Amino acid sequence: MDLLGTFVFGLSGAMLAVRRDLDLFGILVLSLVAATAGGALRDMLIGATPAAFLSDQRYFVAALLAGVVVFFGHAQIEKLTRPVMVLDALGLGLFAVTGAQKALAYDLGPMGAIWIGVLTACGGGALRDVLVAEVPRVLCEEIYALAALLGALIVVLGHGAGWPAGLTAVCGAALASAWRIVSVYRGWQVPRARKR
Amino acid sequence: MDLLGTFVFGLSGAMLAVRRDLDLFGILVLSLVAATAGGALRDMLIGATPAAFLSDQRYFVAALLAGVVVFFGHAQIEKLTRPVMVLDALGLGLFAVTGAQKALAYDLGPMGAIWIGVLTACGGGALRDVLVAEVPRVLCEEIYALAALLGALIVVLGHGAGWPAGLTAVCGAALASAWRIVSVYRGWQVPRARKR
Amino acid sequence: MDLLGTFVFGLSGAMLAVRRDLDLFGILVLSLVAATAGGALRDMLIGATPAAFLSDQRYFVAALLAGVVVFFGHAQIEKLTRPVMVLDALGLGLFAVTGAQKALAYDLGPMGAIWIGVLTACGGGALRDVLVAEVPRVLCEEIYALAALLGALIVVLGHGAGWPAGLTAVCGAALASAWRIVSVYRGWQVPRARKR
């Protein structure tokens, strides 16, 4: 499951790289960054070094495979908007939940754990966008980061209430993913500050 | 005091988010980033993990409060240019001093400690600007980073000379803040390289 | 040698800062970032904190010296395209090799070590470009990152095969630098994905 999330996040990085006309190497780098930077940021912030993805070849394989798939099949993938969005939402929920769990295992307080969950889920995508000099979409679009926050929040609440960790993880990831998917279909938005 | 600095830096992030038309969540994220990223970078670089702000709920409260205040009152705050600038200068001096002190406590040499002080004071604002795809203002504007450097330098010199830590901290923060404020009023600038 | 690489990377940061019309302080910061951020990222990711450059004054001196040289002599340096490119290629090979070696010393697997080598060599330049709101050149230009990958790959292969570390380091750095230099002269490029 975790590898599937890595693969889908890798797809998002590679698609953006193709759109910005980067070469094959740029595509692979952006796959890797989108797929692993969220977890790497989490691990650097909580001190779980070396960062987890560095020691596990499978994350590299999943992310780079995403890059290769996009290099050859980006025209096909561009048509699969819906499946890619749904998979991305699953990755989002999953990364938020595992991020918050790892933060709790490192004895962070509730707010720290929630924030780490959000960063794990959204950090890779944010860095991906920064690297092509765009404002991270997570900052200006829909319910993306809020869904991650919901997933992390459920994990932290469940931890506080002593619920079984596996159950809250599944609930958190499922609700976060579901909210993200529904919000895309419904076009829900977060309120903006009224400008003069 | 430290929390006041966090709050003011949070204000700067939230104001920028409003100007760039981000939604409420983007505003809160940019508050949090502007307020905490400098300290987080410091802690990751010197190995003081988990990063300090993650374990202390009050930093979250201060930064998010700044975001909420701006969301509802940005029109009013925009008029308070001077008080906000003065508070920001105080935060700058304070963060530079605490950053350099923490670096010295981790046995860094003088140059490392000064640089960590500058990064602590300026890193949050730099990341804030990068996230909205702007060149960090700290790189191209006035005496901002130089004031931080002065504060950190005083701490490092005082440490080397064996002066009492509390005294050098107060002096460093006060002089850095004062220099920043005066430089804004006087319009002082750092020299630029002469172009062909 | 390592310091020479730091100096040349510092030059690249400072030249970019002059081109973007930053003040003296911005020039020095961009020198420092371009020269040290790759190594700092490596150390944060593998947990070798405090980051190495923070404890060694000579890196600061080399990077800041590069900034000062550019501040006064940027018109001359701009004409030295070739020597600067060759020195930069040497820095590239060197940083890739030392990065991969350090990662292996921290017990990372082969893919982790290669990626750390690439990040060490390219991370400083990437952050340099991000800070002036440009797409990192390493993502869209020639064989740059691929040459770093070659250097790191040779170190990792030699480590796996039990070859003497010094020998593989020299070979890796030399081949990476040579490939980079030749690719610039020949105008080699990495393939791009075919767009519709």
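A, B and C label the chains in the order they appear, each numbered from 1.
One rule holds in what follows: contacts are C-beta pairs under 8 Å (C-beta built on N, C-alpha and C of every residue); 3 or more make two chains touch, one makes a residue touch a chain.
Chain identities (UniProt): A, B, C = Trimeric intracellular cation channel family protein.
Owing to the predicted nature of the structure, the values given are computational and were not obtained by experimental measurement.
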Touch-based graph of the chains, sorted into line, ring, star, complete or other: complete
Copy-to-copy rotation for subunit A and subunit B - C-alpha atoms, rounded to a multiple of 5°: 120
Whole-Å separation of chain centres (CA-atom averages), subunit B against subunit C: 28
Where subunit B touches two or more other chains, by residue: 44, 47, 49, 130, 133
Subunit A partner contacts - residues on subunit B that touch it in the complex: 17-18, 20-27, 29-30, 32, 40, 43-44, 47, 49-51, 53-57, 60, 70-72, 74-75, 130-133
Subunit C contact footprint on subunit B (complex, rising order): 44-47, 49, 103, 106-112, 115-116, 126, 130, 133-136, 139-140, 145-146, 189-193, 195-196
